[in-house]
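In the two assemblies presented below, chain A is common to both, partnered first by chain B and then by chain C.
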Partner chain A sequence: MISQAAVARLRDMLGTKNVLSEPEDLLTLGYDSTPELSGQPDVAVYPPDLDGILTAIEIARDEGLPIVPRGSGTGLSGGSVPVSGGMVLCLNRMNRILEIDEANLTATVEPGVITLDLFNAVAEKGLFYPPDPGSQKISTLGGNVMENAGGLRGLKYGVTRDYVMALQCVLPDGSVVNTGGKSVKDVAGYAFKDLLVGSEGTLGIISEITVSLIPPPQTRKTLLAYFDTMPKAGEAVARIIAAKIIPSTLEIMDQATIGCVEEFAGIGLPLDMAALLLIEVDGHPAVVEEEAAAVHKVLQQVGAAEIKLAGNADEAASLAAARRTALSALARKSPTTLLEDATVPRSMLAETFTEIERLTDKYRLTVGTFGHAGDGNIHPTVLCDERDRDQMQRAHAFYDELYEKVLAWGGTVSGEHGIGVAKRDYLARQIGPAGIAVMRRIKDSFDPRRMLNPGKVIAEK
Partner chain B sequence: MTDIDKSNFAPGDAPTYESVLQCMRCGFCLPTCPTFALTGRERSSPRGRVALARAVHDGKLTFSEALKEESFFCLDCRACTTACPSGVKAGEVMEVCRSQAQQFFPGGHLSQKFRSFVLERMLPDPDALEKSMLPNRLYQRLGIQWLVRHSHILKLGPDWMEKAEGMMPKIGEPLRQQLPEITPARGEKRGRVAFFLGCVMSLMYGEVSRQTVRVLAYQGFDVLTPKATKCCGAPHLAEGDRETSRQLALHNLELFLKEDVDAIVTDCAGCGASLKEYEELLEGLVPHEKLEKFRAKIRDVQEFLAEAGLRSEGLKPVNTSVTYHEPCHLCHAQGVSKQPRDLIKAIPGVEFREMNESSWCCGSAATWGLKFTEESQQVLDRKLNNIKATDADHLVTANPGCHLQLAWGLKQAGIKQDVLHLMELLGQATPE
Partner chain C sequence: MISQAAVARLRDMLGTKNVLSEPEDLLTLGYDSTPELSGQPDVAVYPPDLDGILTAIEIARDEGLPIVPRGSGTGLSGGSVPVSGGMVLCLNRMNRILEIDEANLTATVEPGVITLDLFNAVAEKGLFYPPDPGSQKISTLGGNVMENAGGLRGLKYGVTRDYVMALQCVLPDGSVVNTGGKSVKDVAGYAFKDLLVGSEGTLGIISEITVSLIPPPQTRKTLLAYFDTMPKAGEAVARIIAAKIIPSTLEIMDQATIGCVEEFAGIGLPLDMAALLLIEVDGHPAVVEEEAAAVHKVLQQVGAAEIKLAGNADEAASLAAARRTALSALARKSPTTLLEDATVPRSMLAETFTEIERLTDKYRLTVGTFGHAGDGNIHPTVLCDERDRDQMQRAHAFYDELYEKVLAWGGTVSGEHGIGVAKRDYLARQIGPAGIAVMRRIKDSFDPRRMLNPGKVIAEK
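Our next item is the complex of A and B:
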């Protein structure tokens, strides 16, 4: 519990509109996009700047409150859910783009900047910021950095980590660390910045981010391929990669997902196809031609039921936009959408899809599967109803068994959504007790009092 | 399964549990919500509002003043409905919550009386309404001043009166008195439609609806305008009086279903949305087939003409440039977005210039613009900048609420563009 005096002190120092404590505010800051998870903070603080963050930390420390950083709450593992109460530190109003440095190809932003806003701002200057999570219209850069978010272009261009050049980070003791810089090469000391990326708000609060930018590709071509089975589509992905072609985008959707996306977006996707691959190649026009032709050939060899070329840039953009709504569109079909983030070596994709089909039958569930197939990162999503206990148990059993296989194949329990609260058990399974112990030592060296986002990634002992 | 007993909603109209459970909290709706853009406050976002309603259902929250505030702070612009891939309708959830607000916070005896006078006596009775308009002081007479003061949120900006006065267009004879029951088709006849004349259109924008009827006739349709039409019920929904709204809906439904027409057409986006939603409002009170039959006939005039195909022979060129503001109740509530653009482009001589964020609300939203004058101004300013940037001669729109707000805003800001209803523009091209 927070004292009235502390709330008053916060209000005094940060302004009334930046400190919320009404039950309606607390309730709506107790969730992110993870199903079945919510908490209730004691107070919510919107720091306007670095000083505001320092003030908030100081008061939280005096009050012995845990601090839970929050961007837009689109996380899918519960990272910003205040499971043990405390202070939710909302960074979404710190949303200024501070600098676009065209000489060094970097952009420096506050953590609350929306991913797509940064993309658009640099595009206006003829530059390109590639990371593009499905949530790009909503998620913040701070959240992206803390989850090391991937996206539709991850296959060719990599994930958020590959673009973070410098971070300003506030540690729970109130010290401010600057790590990295605009120099392209930097091996001065421990790779502190890389450790912070993907740390899910458990090591420090990010107050400023510098990312690198690249020139945009000259042209792109978008292909759509339909298959009569999911494993066949998985096979096609493996063969494209094995043919040494790296498209910028290689996304998959199964029939259930295609149906829901079509119902929402109405862009004319066929409803009778078992699987769809959305493939984009980009770069120099000559290379694009060549690669598109090579992809086309592989698709034919594997036996795609139909292969289509997007007519123009608008059509390609609307396909990508539709793909981004896959998860939310699946939610049309059921009150609860329980999704996973399994990632396997790409040669194992076809097996993975076969396994998903087997488990779907075994546990009598409805599952929609989509994902970044080119990365081997797929999101089998159980369509269920959290009010139905038995069904929920079967859903969790489904994932337990699936992950057993995924780990046996050398895969991982999270490709991009992080561990948060939802996947802690799976993480322990993947890295074992020694792995957990070393993570705990890292956590303790940053946050000995365990104030920052306690219970995330590794359970509190 | 759900424990209905836990719900803290009052009996009667309440959001269904399914309608709030469907939200998976992805946040796709956040960037489209004007009130979230204003405050950055989660509870003033669609996702937050649905979560609040769910918490009341789950017995975790009582229907508090803050919830009442949210239900009226929501513009009911439905931008979130368009954005939501899961099919959640946060605006409608809040609209239903307004009637809960009436139950939980009914206000004093006098307030109640006055409120029912306006909503239950004046608005449902076209004769009384028209008489009240004669002194040309709509806001005071209609009691909107009172509504604003007494019904809700109460932190009134002092400027609202001035704004209301400033917004008033010149008021002529109510159109309802003047329009013939039947306006015959011109040229080769293509069909027969009923025209649903809205209260505000009849009283404040008579000239617009006169053009609508003339255009429809020129396009080859017999236009029937039933004099017994009553208010569509939208103002009642907006104020949380769903009961009166249902009575009005029943009246209009019977009245229009009697007529043998191809379509029931309106030029007021608010009325159109409301008529299309009679199906949900009257579910259970009227046989479903009847509701479906009615729903299938309702068309916004822009939608109708685009579907029928504009007969362009004989149209006079209108040499001008226009941009188009999409009324929320047309694009978001009715999904009519492409058709008005197609019509504009089909008028000879007109140059169409797309504006940025054309479907972002203008900040009018029934009485919202008067209750939240400061916030409304911020929403409006964003719109005005986008309009100005097009440098078009005219701003075209298709709803009286937007028309009032935008005309006022443009004048205040000294921007040269003037506002036209799309049917006025088409009227200019249509020979007498």
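Our next item is the complex of A and C:
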């Protein structure tokens, strides 16, 4: 519980409009996009700047309140759910693009800038910010950095980590640390910047971000390939990579997902195919031409049922946009959508699809599978109903058994969504007691009082 | 001091040939490639495998001995110099390439594998490991990872960090931690792998490394450009990047370096030019053709005195090889070679060269400057004599003043050589008390007794 005096102090220091404490105002801030998880914040604070963050941390410390930082609440592992109550620190009003440095190919932003806004702003200057998480229209850069968000272009262009050059971070003790800079190489001291990326708001609050930009690809080509089985599509992915082609996008959807996306977006996808691969190659026109031809050849060899080349940029864009609707399209079909992000070495992709099919039958579930196949990063999504306890138990048993295989194959329990609150048990299984001990050492060294995101495993005592 | 009993125990456990304790055997292990620094090890241990590392750590702990891990001793910041004595843990006999996984494009190696040996082994399979530090013929992968080594191809292909997928690490308490894997995306828990990269042997001992591999470029073209001033060459670099061309290599040498390299390698470099840029573009033949033409145009616009295209691959290779001799060539000219690796945002390159020239005159020194210009990563090298105290004072004053500017321009005191023992004071200037506090928190959480590399600033109390 926060005292009325503390709320008054927050209002006084940060302005009334930047502090919410009425239960009805706080209701939606008890959730993010993760099912089965909610919390009850005591107060929500919208700092307008670095000083506001410092004030909020100081008052939370005085009150003994947990702090849960939040961007747009698009997280899928419960990272911004205030499971122990406390202060939700909403960074989405710190949303200025501070600088686009064309000489050094960098952009410096506040943490609340929307991912797509940055993409568009740098595109106007002829530059390219590649990371494009599915939620890019509403996700914030701060959230992307804290979760090390991936995206459809991850295969060729990497993930958020690969573009973070500098961070300004406020530690729980109120100290402000700047790490990294505009130099493209920097080995001065421990890689604190790299430790912060993906730390899910458990080590410090990010107040400023500098990312690197690259020249945009000159052109691109989009192919669609349909398959009569998912493992065959998985094999195609492995064969494309083994042929030393690195497409910018290599996405998969299974039949259930194709059906939902078609119903939602109506772009003419066939409903009778077991699997679809969406493949984009980009770069210099000559390279794109050759790579598209090489991909086409591999698809034929593997036995694709149909291969289509997008006729023009608009058609390609609408295909990519349709792929981005996959989660929303599936979510419409059932009250609850359990989404995971198992990731395996690419050579194990076909086996993974076979296993998902086996487990779907075994546990009598409806599962839609889609994801970043080129990265081995798959989102098997169980369509279910939270109120049906038996079904939910089967759904969790499905994931338990799937992750057992994924880990045996050298995979990971999270490719891009993070551990948050939802995956605590899975993390422990993956990294073992020695790994968990390392996580705790790191957490304890920065946040000994466990103020930040105390519900998370990496924070758990 | 190590006890005779402990030496006997080490010999018994690891074999006589893997333990050195005679002063004459230990002499060369008191140095690495950093001038003005040496130490006196008590014992040197060459573990043949993970168990050997565990044994060595246990005995060092029992004896209260500091441990200094060492690869080939090519470090340039004193990272493997046993300044407080103790045990030098030589990992260069753990030199097996354990696996090249062509399906997942990874290689797994022991830490003592020589960088160039890995490059050649994967090249035989049609794959490419890009990081190529100047010392690649003798440097070890373990050392590369611990220093986050760069190289000539860093501009386009990044540094060692960008290729590390998984590490096995022994912590000072003897626990063995595996971090990362063959999945190309992994956000399960804190990025411990990324924290270890560049940690200079102060957090744990690396016992196994998995790196990612990429398809090699199909072709390359090498250009040489000469300039009548260094700042003009710096401007050319900035303009090439601003034109959105990312060459694979963009190296610079000043007149002093050109002279030394020519004397050493005899490949016909002109001795009357103030600066040389060595530029390599690689990739698809069409891209290489266009980029080479675009670079040529920029070089002309900036006013290069002469532009040459390497006639064939042999000539290109001999130019790159000549550039790699720069440090050795300079080192022949004077008893002591003080080498720094100042790094600035690329837009400040021309100013940096102007400042180096000003300071060279001010402090009456002989300075050869070369480096990875495309990365803003420069090696101003003072040719001096350790016995001349006045000259050495002037040399250190030169760097002090240079780094003041570099830091004011948003640069870093180390782009690729690390902090080690030599740059402790500079690091503190760069990251300030809050930054140093962060480094100490990290160090203390893994090595509270300060067993590993206790002479380093990130270890210093």
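Just so it is clear, the second predicted complex is superposed on the first by the 459 of 461 C-alpha atoms of A that agree within 3 Å, B and C clash if a C-alpha of one lies under 4 Å from a C-alpha of the other, contacts with A are read in each partner's own complex, and residues count from 1 in each chain.
Basically, a contact is a pair of C-beta atoms (placed from the backbone, for glycine too) under 8 Å apart; a residue touches a chain by one contact, two chains touch by 3 or more.
Treat the numbers as computed from the prediction; the structure is a model and nothing was measured.
K.L.:
Should the superposition on chain A be reported as showing a clash between chain B and chain C, or a fit?
P.N.:
Fit - chain B and chain C, as placed by superposing on chain A, sit side by side.
K.L.:
After superposing on the shared chain, does chain C or chain B touch more chain A residues?
P.N.:
C
K.L.:
According to the stated criteria, A:Arg387 is in contact with first (chain B), second (chain C), both, or neither; which is it?
P.N.:
The first partner, chain B, only.
K.L.:
Is A:Tyr31 touching the first partner chain B, the second partner chain C, both, or neither of them?
P.N.:
In the superposition, A:Tyr31 contacts chain B only.
K.L.:
In the overlaid three-chain picture, which partner chain does A:Glu262 touch, first (chain B) or second (chain C), both, or neither?
P.N.:
neither
K.L.:
In the superposed arrangement, does A:Gly198 touch chain B (first), chain C (second), both or neither?
P.N.:
In the superposition, A:Gly198 contacts chain C only.
K.L.:
Is A:Glu315 touching the first partner chain B, the second partner chain C, both, or neither of them?
P.N.:
neither
K.L.:
May I ask for the angle at the C-alpha centre of chain A between those of chain B and chain C, rounded to a multiple of 10 degrees?
P.N.:
Nearest-10 rounding gives 140 degrees.
K.L.:
Considering only touches as defined above, state whether A:Pro335 meets chain B (first), chain C (second), both or neither.
P.N.:
After superposition on chain A, A:Pro335 lies in contact with chain B alone.
K.L.:
With both complexes overlaid on chain A, what's the closest CA-to-CA approach of chain B to chain C, in Å?
P.N.:
Once the two complexes are overlaid, chain B and chain C approach no closer than 20 Å between C-alpha atoms.
K.L.:
Shared contact residues on chain A, chain B side and chain C side combined as an intersection?
P.N.:
No residue of chain A touches both chain B and chain C.
K.L.:
How about chain A: which of its residues touch chain B in the complex?
P.N.:
Against chain B, the touching part of chain A is residues 20, 22-25, 27-29, 31-33, 35, 46, 72-74, 90, 92-93, 114, 135, 137-138, 260-261, 264-265, 325, 327-329, 331-332, 335-337, 387-388.
K.L.:
If we count contacts the way the header does, which residues on chain B are in touch with chain A in the complex?
P.N.:
Residues in contact with chain A: 1-2, 18, 21-28, 30-31, 40-43, 45, 47-48, 51-52, 55, 60-61, 64, 66-67, 70, 84-87.
K.L.:
Under the touch definition given earlier, write down the residues of chain C that touch chain A in their complex.
P.N.:
Touching chain A: residues 101-105, 126, 147-148, 150, 154-155, 159, 161-162, 171, 175-179, 181-192, 194-195, 197-199, 203, 214-215, 238, 241-242, 244-246, 283-287, 290, 343-347, 372, 375-377, 410-419, 423, 426-427, 430-431, 434-435, 437-439, 441-446, 457-458 of chain C.
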